[in-house]
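Look at the two complexes coming up: chain A is in both, with chain B in one and chain C in the other.
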Partner chain A sequence: MEQQRPTGVEQEGLTTTETPAAPKVKAHQTPDDVIHLMEKDQTQDVDTLVPLPFPYEDWKDTPIPTLSDEQRSRFEVGPDGVSALQIPKPATEEEKEERVAQFLAGLAKLLDREDNWTFLQPLMLSLENCVKCQTCNDSCGIYTDSGRAEMYRPTFRGEVLRRIIDRYIKPGGGILPGLRGHDIKVDWNMIVNLAELSYRCTLCRRCAQACPIGVDNGLISREIRKLFSQELGIAMPELHTLGTVKQLKTGSSTGLNPAGVADVIEFAEEDIQEKAGLEVKIPFNKEGAEYLVMHNAGEFLSWPENLQAFVIILEKAGVSWTMASEPVGYDSVNYGLFYDDVQYSRIVLKHYGIAKSLGVKKILEGECGHAHKAAMPVADRLVPRDMFVPTESSLVLLEDIVMNDRIKLDPSRNDFPVTLHDPCNITRSMGIIQPQRNILKKICPQFREMTPHGVDNYCCGGGSGFAVGNSVNFPDWRTRVAGRMKFRQILNAFSDSIGPETNKYVCAPCSNCKGQLRDIIRYYEGWDRCRILYGGLVELIVNAMVDVPEGFLEWEFH
Partner chain B sequence: MPTFTHGEVSIDVDEDGFMSEPDKWNETVAAAIATTEGVEGLTEEHWKVVNYLRDYYLKFGVAPMIRKLCKETGFKLNKIYELFPSGPAKGACKVAGLPKPTGCV
Partner chain C sequence: MALLLWVWLGCTVFVLGCAWRAYRYASAPEHLRWDLYPVAHEPNAYGGSYLEEKDWWTKPRHSSLVREAVFMAEEILLLRGVWTHNRRLWWGSFPFHWGLYLMVAVTFGLAAAALGLGGQPLLLALAVVGGLGGALLAVGSVVLLYLRARDPKLRPYTAPVDLMNLVLLALLGILSALVANGGMEPVAAAVADLAQARPVSASTLLATQMTVASLFLLYLPATRMVHFFSKYFTYHAVRWDDRPREAGSALDRRLRAALDFGVDWSAEHVRTGKTWAEVATTLPEEKSAGE
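And now, the complex of A and B:
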């Protein structure tokens, strides 16, 4: 598969919006700077954010709201004044010490082969081999677009963790780090900051790709999250209590139970009849089908046209497929990927178990990036062979259907500017680059790439579950800081037709990315000012299908 | 857990003002929550949306898909934004006493 590596100016990717140099802080931190930074308040100032290109030169960001005193009396915030985790404040000093002891005991387990057989090897390779050259720094959109805030530097969390390990876990730790001139004292405040900062990295792994030796600081963030979740019960509520726990209890992270799914499906069948003139019964629990199709259930509720487009394509192309009505089997979400091995395993085994009981040949992942990674490369590493079910990306099947003319298409129906946002988990983590491009080049006459793209894409800023983080001031940080790079890329991709007189479409084949795109386009008023819409890939395919009446794609922002 | 108080109404809510115990909802509670959502008085159109959301939630345990909400109430999405400036998920569902939507929605 071709891996696209832009060169020269493109490599920087920011032709008209070059990230301003002149960092407010010195370019290279000394060991003591790192520790010092963990102790001070560094509220993100929106005036340091990278400016937006035309037509946003006069754009003024509203500040990220600060938490009320009442909220701050109940839970902790990160060094930037943002709370992703709502960590309850311990009532007493003893409780704080107890929590710190739990953290250190958990850290020892994280570094032990018995307790962390899953990711110990890549974790150690990354912790022990980083030479602190900082080559990765500028690959991180959160770091650059924040105005180069030190705490978001990709190496920062790993460096803090490394020092804690040197001091508290390694033999001789009481003496040697002091001699090296960078002692560290772990207290409650430090572990709160470390936990919060592990949720300021989207795990997009662009830094790992930039590293000359492949040090994966994204994995370090993920393993820090795991330590906090598995040992201290600290995790983003939307991922844990309202995510995996809810999914295992009700059947879906959305809370959809089987009766709710039946209602969604009935509605989809009616809609397909009305919009596509196709009478269809969506297959459920069909034993021995070739594909068990699994969607992120968020699609059912927020983007039902995605589910419907899949149905139309699979039916028209004559694919043998089914969906599953058993709880968890109708929701491909596996947020455990982002923060917890135990929750990950519970869900992936449930998915595979349902596929096995139906006797399907393969699972087909719909347009959801993290579900791809959870069910394919990570499952390859973690799931025993006898429990494994072969899994395929829908992008690959769709490429076969479109490129081999298994459905009739009229590209002139898609004659508007289209660009592609690459979901990190599908591109960088899996190398699926060309199928989605081949499709778009065939069906969208005005397709243009973002810069950079493919394996060099930037995260939407909603990765690793950030897009579902909707509490307190986290979404305000997510749109202004984490999502800024993506919005700049979108504006640049459409610079030839940026005005509101032209409808434009950002194709993002991933539910999580779509949630984030919706939120950044809304925050930056991209629909009202520039008529920028976002959506999936299958919607564009169906919009071009000759057998479907024109106008499947609705130019209404939602 | 934060408490939201308005007039006679006092209810437990999450950090973003969604009810923690949706079964304690009633029309007075709805009117009280509406004041936090930039809604000046609940009109018949507001109640149409709120009642539909409420009934759906009691039946299926979730908020309905937005498309269905629009279809069943006959309101276009921008009309729902006019009625509830924070939108169907953050605004209308909150007034209808639903817990905050979860998952990739």
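And now, the complex of A and C:
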């Protein structure tokens, strides 16, 4: 097939990236065909993936590795041969039946007003009102870029869940199930596939935006995850055991305890002195400070320059701020948002409890998208008012600092092509769109938008915890399938200067998005072939600060 | 007499069924915020929210019902979302929906005529609108039927009952157009009979049309076609619900009450049998106050 170069097109005010037809599209003809997908092995074929634009005409994807026999003997895989969850194989048929019964019991709880008060109304609305018009389909980058694989269609998971509910949970489910379209038999294989497929959706909600009825297939994926976690104890290990459980136990999902944080901070202070000539003592537990600044602790280890840049800006702008040393208080991560309301609530209440005890006036969310959403709109309905502390986005404070010249800036230091990746949680789920753009327009002379952008952005493919999913063959799927649309967008945004002679910067004000960008740029060799680097927003601001020696931004891929 | 009872049954089940579905949605517990941008009542056309403002909790909000109404009007009258994202379907969906809208309008018009309002001009207008509505419904249903049966993205998600529904609606459209073609006086007379619970005098054609229409009303509340009102909830109670929680407000009280709900989830990390407040404030290995 001839390679096509995707172009940005304006469509009724909504910009989209055209998706060239993939070489092979599997067509399914009947409702039974679709359900049978849950019974077959549909290993994702990399030849069906959407081709990449210039200069990647010669690009050949390496296949997604299949699991070894040893791995297959230990745990289950999804219908695409990928394992995000490493669900242990039951030893006996009885155990399988028990798990299926547990699943059905959990499904009833998902529809119960007390057990699921947190999301019952939106879930019910989404389950009961989808007219199956498929208007939402092409909004999903995972679906389109996979070559429109049926199992990734935004409506697929919801369709399966709906049929199970109609057949097994609703009264009279056994009456004419074939005629009514819910002739389905639930078995262990089906629930494994459903659990895995709930982790092939990044909960980005782009499909929900396109749905004329207001159905949210992202929420349905989330609720399926929740049912598996809260009832069967099945969740992505990086989100649960290595995520929220570890965070509640040690203080951070990175495993950093307060002593570890102290080391990180000492190192940051030294680095700031070296790079910016600024002698600073990073404030901790300063009672009554204006802001309690909360970072994703992943930054401390993977991108310490982000923490340092924040410190430099806040200090130079004369902001009254502090960080917290109490466990959980120094890590804004809350992976519960993605899969489990109980874990989510525990972490949110810890965060607010610590802020309240410090007597700060506000909480400031650093550059982490899901932490924004977890702590701001969603938490607003959970945290009792006597524990509440107003919370603000760092993008808003940074806009105030930059636009009101509270620090001196020289934009010519950022005279290289820059584009912005919008984190879904900050834009589509919170409507914070303009502050980051105002900053970039002021400090980056060669700033250009991706197509589409803002509320219409595509997910980076690392959303909903995918960016930290690093086990078995999940990261191989994540880069090739989930991240493909974003990489295409990046190439298109830099098409005027794509060669390796020009350094280019993808600004992503979100830790998880940065993790995913790192992995896709590495997989597609974007640094070697095109000199595409990624990083946060504060790094660009500090790079332009007149008070800081030139070269804060290091053009090294890591 | 049978027709009178059948139509009354259809109308009663329709009203009660829709009321029950709406009540279920309206009485569901207050959920965690799950807004989705753009939110139509916000002033920023690019989809920005009040969270873009510094110290947003101290600022006045600029919510606009007019912007919501304009968005909804475009969505309901033009099927904007389908036009933008699913053009092929729009060619069936648009006439289908307009057919139904016009037929609903005619129903209200007939009620007015039965009350003696409007006279001949109203009946004439109803005949034109009814004829057009029936024709659009028939055309839209046939196009949708074709797409549902043939389109590879619709076919696998279409149940036999969905096809039967479209066949019934195509039939209803054709019958309605034929009835309108014969003039609306007999229809207004039949509506007056129905309203006064008298045996309905109607031609075979009209009686068939009314029988089919009532059958449709009878099962509609059990289907996803209730989106004509549930869309109110998906938009206003979820996508556009960006109300911040204020201490002492009704929202605040309902959310506080939810913390006393019981938790029955069985996974080990959840503490089954406790309240939400207890579960959220303690870890599995800890004990909550008073234990």
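By definition in this document, the second predicted complex is superposed on the first by the 527 of 558 C-alpha atoms of A that agree within 3 Å, B and C clash if a C-alpha of one lies under 4 Å from a C-alpha of the other, contacts with A are read in each partner's own complex, and residues count from 1 in each chain.
FYI, contacts are C-beta pairs under 8 Å (C-beta built on N, C-alpha and C of every residue); 3 or more make two chains touch, one makes a residue touch a chain.
Remember, predicted model here, so these are calculated numbers, not experimental data.
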Chain C versus chain B on the shared chain A, clash or fit after superposition: fit
When both partners are placed on the shared chain, which of chain B and chain C touches more of chain A: C
C-alpha centroid angle, chain C to chain B via chain A, nearest 10°: 160
Which of chain B and chain C A:238 touches, first, second, both or neither: first
Touching partner for A:189 - first (chain B), second (chain C), both, neither: neither
Chain B versus chain C as contact partner of A:214, first or second or both or neither: second
Touched partner set for A:267, first chain B, second chain C, both or neither: first
Which superposed partner A:257 touches (first chain B, second chain C, both, neither): first
Touched partner set for A:48, first chain B, second chain C, both or neither: neither
Partner chain in contact with A:285 - chain B first, chain C second, else both or neither: neither
Minimum distance between Cα atoms of chain B and chain C in the superposition (Å): 20
Contacting residues of chain A [partner chain B, same complex]: 70-71, 86, 238, 242-243, 246-247, 250, 252-257, 259-260, 263-264, 267, 271, 296-302, 304-305, 331, 333, 368, 467-468, 470-472, 511-512, 515, 556-558
Touch list for chain B against partner chain A, complex: 2, 14-16, 59-68, 76-78, 100-105
Residue ranges of chain A touching chain C (in the complex, touch as defined): 11-12, 14, 27-31, 33-34, 102, 105-106, 109, 112-115, 117-122, 124-126, 128-139, 150, 153, 155, 159, 178-182, 205, 208-216, 219, 229-233, 240, 245, 248, 341-343, 345-346, 349, 362, 376-378, 380-382, 384-385, 388, 390, 392-393, 396-397, 399-400, 427-435, 454-455
Contacting residues of chain C [partner chain A, same complex]: 21, 24-25, 28-39, 42, 44, 46-57, 75, 79-86, 89, 93, 152-162, 224-227, 230-231, 233-235, 237-239, 242, 244-248, 252, 255-256, 258-259, 261-270, 276, 279-281, 283
